[in-house]
Amino acid sequence: KEPTDKSAEGQTSDNANAETDETAEVPEEKVEAVFWHAMSGGGQESIEAIVDNFNNSQDKYTIIPEFQGSYEEALTKFRSVGGTEDAPAIIQTFEVGTKYMIDSGFIEPVQSFIDEENYDIKQLEENILNYYTVDDQLYSMPFNSSTPVMLYNKDAFKEAGVDPENPPQTFAEIKEAAEDLTVKDGENTERYGFSILNYGWFIEELIATQGGLFVNNDNGRAESATEAVFNGQEGQRVFQLIDEMNQAGTYGNFGSNWDDIRAAFQTGKTAMYLDSSAGVSATVENAPFDVGVAYIPYSEEAERNGVIIGGASLWMTNSIDKEKQKAAWEFMKFLQTPESQAKWHLDTGYFAINPAAYEEEIVQEKWAEFPQLKVTVDQLQETKPSVATQGALSSVFPEARQQVVTAMENVLQGTDPKEALDKAAEETNRVIEQANRANQ
Amino acid sequence: MKQSAEIQVATVPQAVTKKRLVYWRSAIWYLLPSIILFSLFLFYPLAKTFYLSFFLTDRQGLANVFVGLENYQYILQAESFHKSIIATLLFVFYTVPTGVLISLFLALLTNEKLKGIGFFRTIFASTMGISVAASAVVWLFIFHPSMGILNQLITAVGGQSVEWLLNPDWALVSVSVTTIWMNIGFSFLILLGGLQNIDNHLYESARIAGAGYFYQLRRITIPMLSPTLFFVVTVSLINAFQTFGQVDILTQGGPSESTNLIVYSIYREAFVNYQFGTASAQSIFLFLCILIVTILQFTFGERKVHYQ
Amino acid sequence: MYAVELKHVDKSYDKKQLVVNDVSVTIEPGEFFVLVGPSGCGKSTLLRMIAGLEELSAGSLLIDGKRADHLPPSKRELSMVFQNYALYPHMTVADNITFGLDVKKIRKKERKEKCDEIAAMLGLTDFLKRKPRHLSGGQRQRVALARAIITNSPICLMDEPLSNLDAKLRAYMRAEIRELQRKLGMTLIYVTHDQIEAMTMGDRIMVLNEGTIQQIGRPIDVYNTPANPFVAKFIGSPPMNITNGILDSSTSRIHINDQSHLPFDSKQILNSTSNKVIVGIRPEQLTRYDETETNSVPITVTIDHYEILGTETLLKFNWNNETWYAKWYGQWDVQIGQSLTLALDCQSVCIYDSITGRLIKKPETVQHQDVSEEIV
Amino acid sequence: MSRLQVTVTYLLLLLSSILIFFPILYAFFISFMSGAELLQGSIWPQSFHFENYQKAFDHLPLAHYLWNSFFVSTVVMLGQLVVSALAAFAFVFIPFKGRSFVFFLFISTMMIPWEATMIPNFLTIQHFDWINRYEGLTIPFFAIAFGTFLLRQHFLTIPTELKEASDIAGLRSFTFFCKVVVPYCRTSFVTLGTYGFLTTWNMYLWPLLVTNNDEVRTVQIGLKQLQTQEMATDWGVVMAGVMIVIIPTLILLFLGQKQLQKGLAQGALK
Amino acid sequence: MYAVELKHVDKSYDKKQLVVNDVSVTIEPGEFFVLVGPSGCGKSTLLRMIAGLEELSAGSLLIDGKRADHLPPSKRELSMVFQNYALYPHMTVADNITFGLDVKKIRKKERKEKCDEIAAMLGLTDFLKRKPRHLSGGQRQRVALARAIITNSPICLMDEPLSNLDAKLRAYMRAEIRELQRKLGMTLIYVTHDQIEAMTMGDRIMVLNEGTIQQIGRPIDVYNTPANPFVAKFIGSPPMNITNGILDSSTSRIHINDQSHLPFDSKQILNSTSNKVIVGIRPEQLTRYDETETNSVPITVTIDHYEILGTETLLKFNWNNETWYAKWYGQWDVQIGQSLTLALDCQSVCIYDSITGRLIKKPETVQHQDVSEEIV
């Protein structure tokens, strides 16, 4: 653990020295490795800064970051170039693409480098690695990771007489608090008690925290999933909650756009909502009121299990030069240094994969200013490792997620929760079956 | 004179075929660039799509399992695809007539010789210069449930705010409004061009006859504009069937698949779910739909069109 | 049956050049008023101003005694035949013809009757179902004419309505239009290039040149006593023969060239601004020289060219550096290059002031032969 | 027109232009707002500061993107004009046999959903090695049935006498095309050109697919890069980006409009 | 300088009705050939077929002795003036005029010179920079004319090229075109409605009716001896007076009505198919009755209408249920309703077979007066 750390540190600190030395000795050309990413906005700025740091930290490798659109778009392109020389060295892919990437045959599991070099993987956050570890192999290097948390409006809590320091934890509590928090003005609801983004991820999390699975065969981790099980009782509880609150008029629907629900929260249209840990700091900073951060709620009929990691990881491709792979690997390692991670965490709000980063001064400063940020890390670290919280693997995950969203929207329109879920599961099963047929 | 009759019989067919050959030869040069490019970038992919629609594809997107008509059977019985078809038809129905009528109205307004009319023309044509991505983003803001100007206005006058993009009953309407707005610029410009090409003498003559504005509109403007109108309607129809960008940004096909237009559905099948087989089948289905509509357009619509 | 009055009307398209220049004229109710002038002199423009299709740049227009400059065309109660027909290409001939009636919401049956009647009159019955683009030029023109006539408007403007018709049809149409105009009593303003139309159809004719009025009067008066050399050359085909002369009051003669000196009656006060005059004579007045005729001056010319126009023969020759014509009744056998002596009759000549262009001596000959007297 | 009519027309014009132009103005105002201002849902920015623009430009090589977009759009526009005009000319002025069939074949390409052809086309481009090159961004769009259709409709309005007069004068068909058809239909060329330019300018998915880096990327991709998924989006900056993207096209449209009007005023001579 | 031959040419637009019906004619190289006929008779169509703008439905066309039906227009080496001008609206007048030269790759300087020359001839110099839509009708027509003339093609087709010009300009243009045609020796086929143009310009004229040739011949011959009643009525303005008669060989008379019996010379073999004939006489032959004239039959008529056309006076009356005209030289003072006795000269009449329409007796009068003889 220590040596790697040191070497990384050494590289950065002796930067100038090393450079002059090596250019004198080895007038070799730098190895260039292309890095496809899907980060836009602030994320892109940060990623480019880190890449610059890496490129300046040594003079053997140059990483070229290239934006390739959304995860889906990047993946679409990768499907065409994967397995060829045109493939990038590293590609960033969202968590639900994990199974696809593993099966694609275009990638080199990072485990091979870890084994080769004896890289100390333990320094990284276990709960994050769990997701990307399949059959005891770490396939990709976790990169931008996030989990859901519940954000709430402390001012509104005070106003409604709910204890702002003791936010609701269970579904029942949520329901109750939401009743108090909802403000109506005749027909118009001025403030809703609770909201969830119409995004499948949150449903998955709410199922997992109850210990429920998404697909069979141990969430697809024992062997390829053949059936969706998100319509089990855990899933039904979540949908029931949404349905009941919606009918009671305490649930605010703000669609599937991240910014919309955040704006709703910040303008006081909703008092509690689920957000990604990556969005916490910006919301806390921008909101004109005191923002509280809490763990995501769970059903009182189950135990709290914790959260699944979300976000994306970096994959190394296998159709490129060894040298390039090496470059990619070096970059991945560089990324996991506490300095890089600290910067990444602060810039973007994503987790630091290397918990050592949290000890960095800059992080501590920030946390002092926004104690809320720590809650997200606590929630992750308190998570009980299990197949449920490890997350599901399925080659048709994007589709399944879409089905869940549709089901959720249908529930909001008054469909029976069970019926909606069953239909989504049925559709998902069909797709799974087809995919299995095609990929035999 | 008998002689000449004989000559005629002998030479005419030969001359005619020669003439045809000449026409073909010259036509081919004009058409060649288009034909090459079309074949390469449209017909070939279409054929490939057609081929893929009979297969299931593996992870690399290669045709793997031949399933015959299964993909077609599936999409035809799948509820969500039925929804797509209905949504698409509704969308076409909402956008095309309204869009054309509004554009026509604006074109008629700006066809008058008034001071500063060029300014107004530029304004009306301006939406043409705004990309789908940009305008969808702006409209996303306008429809925003809490900060959006629309709801602000409605609540300001005491109405109940509307879930523009979140209520399945409204979402398609909202997407249609956006689409109409985006298309106005182009239709307007084309219609204005058509209006300006109508010979002024016709109006002069009608004015002398005492025809009022609406009478002139009905008896002269519309018939004389019919080729342009026909063109605009055809193009709007085809565009409406192929709408994608605004759906992607505004609603992603939701809520409850109410805005899941066929093209968006294809996009999702192909690029998110990697089901090229069904995506291809849907593409072919869409192609046939547009084809039929266009054929109907040409056979029934063009009859009413007057060409100079 | 309305009067149309133009008062000091100007028109300019480009704000620089006047296309119509200070035109003042009153067209009486029920009058058949003919407008002639060289191509581009502003005839169509004038008509278009009366119709309300062009704004007046200056001056005023009165219809039926009321100011009409700012009335829209539809309020002026007139119909018009356009020089380029302006048929509606998307309508059938029948629809084109009844367009004005349709506007006026006249019942279908009546419309059809009127249409059939007028189509029959103009020989269009067979074409009623066709679109204008399937018609010949003359047929189109007849449709345009039918469209204007059918509305029975009190004022009708026609811009060269017969220019594309053949002589026979034209003669027929001339009579028809004339008769229709009399029957309906409408005020008809008629632009034409045709000498015969100009001479025979109108109650009065107005000669325009470069936007300026040259003369207004009964056709026969304009023909006999053209107000200036322009009109003299413009009206009549071939035009009046014209040449320069020098006035010599002492000898009561006009010197044209060395040989030819035209005596003039000194009783006629020749109030010319200088001694430069223009002498004009109509080709038909140039008869063969007869020595007994004292009032004539002989001129000897060489025939350059001749044309036999059916009834009459046209002789072309050069005299005093001008191209002159003589028109003789009957078909004559002339040789090119043949020399002839013609009589320049002092009484038939018009004399114009060379500087102002004013007519200072009218031809005197009583040209109106009285049939009854001679027959008796 | 009477004064009343003029007033009513102006009123209608004003009203319509406000309705039509509002979204653009709205975006313009937002582009000057800070995040907090935005949340208050105000329409009018408190002050006009250019920070958002500054950020947008700092963040991305927008000038370079703009240049690429401009170049690509111009090339596509010219290509479309040439290719479509040639085809339309053949359809209108050369009476070859099977003309309507070929025309319908052309029109049918308009009905092919672009999404359905994207992947095979991407592979083709890759095969030609046109990834990251202007060729890949331009050539596939040279032939558009829409352009052929539009020009054909306009060519049909050319009076046949003009063609006949040229035939008699002995013009070769290509000379007739250059000397009469093109200038006569200048309006439709401007229309099609504007259309082609703008649609190319607005393309997003395809440029993204066939480019990997900033070298030849266009500005719409830049616009996308300003928005984020999971993290908070800075809407002020996005709108600044929107403005940066649409202002050149609006200027172009404005210039094109003048040209267009000139062309339109040309009118047809009977 | 090419001959143009039409052999049994038919044309039908709708495959049902023949618009041009079995036309055969040979137009000689360098000939000035005039085509006349009522509106819609197929003149433009015929011209367009010669130009190659319409296909022949049957028959063949030879240019310069070679089959040309299937040659494209550009290969036929001809120029054409369209009835509706067909100017290029986007080009200036100068560009329109030099359009054909441009194609022939003639140097710019030469082009400009030629253009200036022809513009000056047609009075277009001031308009060279304008676009056609800023021209008046007549100006446009002149541009169209200039465009055709400038190319010096061996064959030139003109479709009513002067119809929109005023009389003066028209007279001038008539002479110019005629001269140009002589100078260049081109074969000119000329469609017109104008009697004067038809009579004076052409070497030969062809009269068409409903697509069928009625007569081809020298203008004067067509005028004097119209081949059938149609031509008789069509050529000449006012037309020939016509009425029915019954041939009585026994008395060598033609009975027109109870009073009027026209004697005829029985030496002339009147090979008519029946005893029904048509008698025609030109208005100018209807002189006042003079009892000494033995060959004439007196007819007494009542004047319905009269027109003074400058040089001559036109009398209109009804006789034998037909509208007849008399044309007298000079300006006459006639009263409407006045009764006159006119002479129907037996030698001047044309007699047609009523059934076939064939001319069975030409007028005999030697109408060509010999100037030299009379002068002496």
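A few comments on the model shown:
Order of writing sets the chain letters: A, B, C, D and E. Residues in each chain are counted from 1.
Just so it is clear, contacts are C-beta pairs under 8 Å (C-beta built on N, C-alpha and C of every residue); 3 or more make two chains touch, one makes a residue touch a chain.
Here the structure is a predicted model, which is why all the values come from computation and not from measurement.
The interface with the greater number of C-beta contacts, when B-D is set against B-C, is B-D. Seen from the Cα centre of chain C, the chain whose own Cα centre is farthest off is A.
One finds 39 Å separating the Cα centroids of chain A and chain D.
We define each chain's centre as the mean of its Cα atoms; on that basis chain C and chain E are separated by 22 Å. Rounded to whole angstrom, the centroid-to-centroid distance between chain A and chain E, based on C-alpha atoms, equals 95 Å.
In chain A, the residues that touch at least two other chains are 73, 76, 80, 263, 267. Counting partner chains per residue, chain C shows two or more touched chains at residues 72, 84, 86. Listed for chain B are residues 61, 146-147, 199, 201, 308, each touching two or more other chains.
Chain D contributes residues 159, 161-162, 164-172, 175, 179-180, 183-184, 186, 266-270 to its touches with chain E in the complex.
Residues of chain A touching chain B in their complex: 72-73, 76, 79-80, 82-83, 100, 103-105, 187-188, 198, 253-257, 260, 263-264, 267, 269, 395-396, 398-399, 402, 405-406, 409-410, 412-413, 427, 431, 434, 437-440. Across the complex, chain B is touched by residues 1, 6, 9-10, 12-13, 16-17, 20-21, 23-24, 26-27, 30, 38-41, 43, 82-84, 86-87, 89-90, 94-97, 99, 102, 106-121, 124, 139-140, 142-143, 145-146, 148-150, 153, 156-157, 159, 173, 187-188, 191, 194-195, 198, 201-202, 204, 220, 223-224, 227, 235, 238-239, 242, 245-246, 249-250, 252-254, 257-258, 260-261, 264-265, 267-268, 270 of chain D. Taken together, the chain B residues at the contact with chain C in this complex read 199, 201-202, 204-212, 215, 219-220, 223-224, 226, 306, 308. Touching chain D in their complex are the following residues of chain A: 34, 36, 39-45, 64, 66-70, 73, 76-77, 80-81, 86, 88, 146, 258-259, 262-263, 266-267, 276, 278-279, 282-283, 286, 288, 311, 348-349.
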